[in-house]
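We call the chains A, B and C, going by the order they appear; numbering starts again at 1 in every chain.
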């Protein structure tokens, strides 16, 4: 069995070879950056949210990314319709429950999507993941008010309950399918100073899901790749504007070999 | 009493200490740039527009930014709902009446928001502010066709009528609460070559409102800060693409001490 | 009669002199980049999509850009309303049928817009243009699966049928009004690695339509300008993040004289 760093390299090479089509139903804030990140790394992004076409687009796509960052009624309906179609076709789906726990509407919408679709991965910060538990008395606020460690037990429980993989990102990232646990220590503190880093992580996992049939491994290797890009960007830029540009550049320039050497994935 | 440059420095320091949550209901064009600008300067942005959650989000927020740049019926409804809730809770609100005067729909929507909410600040260019007067026969067009000086009297009148502060941005910025008048001469001509500079100014005032209880002072010091960032960026970049990145960098790197030295706020 | 390179220079100079207002009803992904590209080159962009104002905005505009990239029912309705008004007023309109052929909804919406408005130009990749033919059995997928040459005959037919100009972009761009044919060989392969390059090409043609009454010539010279910007940017940047910034810079810095020298437009 290959180690995870070798799998990361293999996934990145496969992605650039296959150029999978990633269907994103995501938020207005990050649409441009997400599309550019997917293109830079070697995937092919498409954004489509109309109830009149989401199911047709899912048929063409290799993976579906659902992100509730600027949700509203029609969009949540389209997310569920697309998610059901992808579930039916056995295509990988990743959910980013942005701000779940901050408003009741976000928590309820996230839970509804989880119940009505077959998700490969759920990625959030610790606070968002905790909010998905049945009893989440302590989670409030948009920013993550709790550590990755706090949320790890919740993540395992959610992964088992919904037969999915949960990825919690933070200073150290944490991925579990309810049995296995991976921790990824790639990344850089500057990533928190630009908008949509979490959303980009989700989209990149979505792309890796299109080339790796093991969702937990796809998530862990994708987070190592994105974290390494964050490290490479920090060598070029020390303020957020130039950093967000350097980060896109790094997604393009990092080779599978560099990723294998730079990955920091532990069990 | 401190001078305004000292207050600018104090506001910037307070903002980076407190990291206030700024709730933006803004336009599609600038959402990403606005979020990045707020993050870079030290605030915490959230974008949420659904009628199903805007009031809950306002409860969590320290200030509300309403920007009608790509308005439509549902969004204006959500702006008013959020604005009423913020008014009720005594939270600061800033309105950016983008393009008011260009179409009747924009003028009417702006006036409706002004009437139904308690605004701390209205920020626009001269043409937009003039369009908010009851008789605005002369104002037409999306771009500002009139000077800041032309609009200054209108600004005072509007400020008194609605018990608010009006900020007009242009080559020299002008802020009045109907009594006091501040003029801010920071800034750089390159700022007009990138989209959303006005919208960013509005969001930055929104963030300063979260840490300064005097709206006119918050607006004046915020505009000095943003203008100084424009000056610093011009030392790094001379074309719009690299300039918009350098501007984000400057919002991150300018220290309270640099702001105190660089502020050009007159009475 | 001037050659086309001289016309390109003349159009760019006229545009920077006149600063035409370009009304865009476009997709969420590219709104910011499109607005910045138009501003950088010297035009004045406005984004407005509400059925409550699109017709009023068209009255103020010098050209209308319709782009279906993230279409939905209300937006398509607004596109048609704006397009009808512009047709009635004799203002130039350009359509970008993004993803036509990928989903039935996109193909049908594109055809509906073509039928109900008087378009000056339709710009797409080869696959999108082929999908607009009555029988397009072979066109599937979001990415262009067929070459510019394959689509050239279709383009001529569509141009004649709808009395319009068709521009197909690819490695070599192709413009026809059904009689004349122009081919433009400016451009750089890196342009394919950033999102919205096609959408930006469409918007730039829209701006040139505001200063050149010959739509085919406007399209050909605009594509030469954008392609040259792509070449200039490639001298500054070799990865997509920094490239998209360098491309905006080039739209600002290229002079009419440089464009006259650098244009590669053939008959």
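Heads up, the rule we're going with is that a contact is a pair of C-beta atoms (placed from the backbone, for glycine too) under 8 Å apart; a residue touches a chain by one contact, two chains touch by 3 or more.
Everything quoted here is computed from the prediction, not taken from an experiment.
Because contacts link each chain to all the remaining chains, their graph is best described as complete. Chain B maps onto chain C through a rotation of 120°, based on Cα atoms and reported in steps of 5.
Chain A and chain B have CA centres that are 33 Å apart. Counting partner chains per residue, chain B has residues 28, 32, 244-245 touching two or more of them.
Per the touch definition, chain B reaches chain C in the complex via residues 27-30, 32-33, 69-73, 99, 102-106, 140-143, 193-196, 239-242, 244-245.
The touching residues of chain A, when paired with chain C in their complex, are 21, 28, 31-32, 35-36, 39-40, 44-53, 56-57, 60, 74, 244-250, 252-253.
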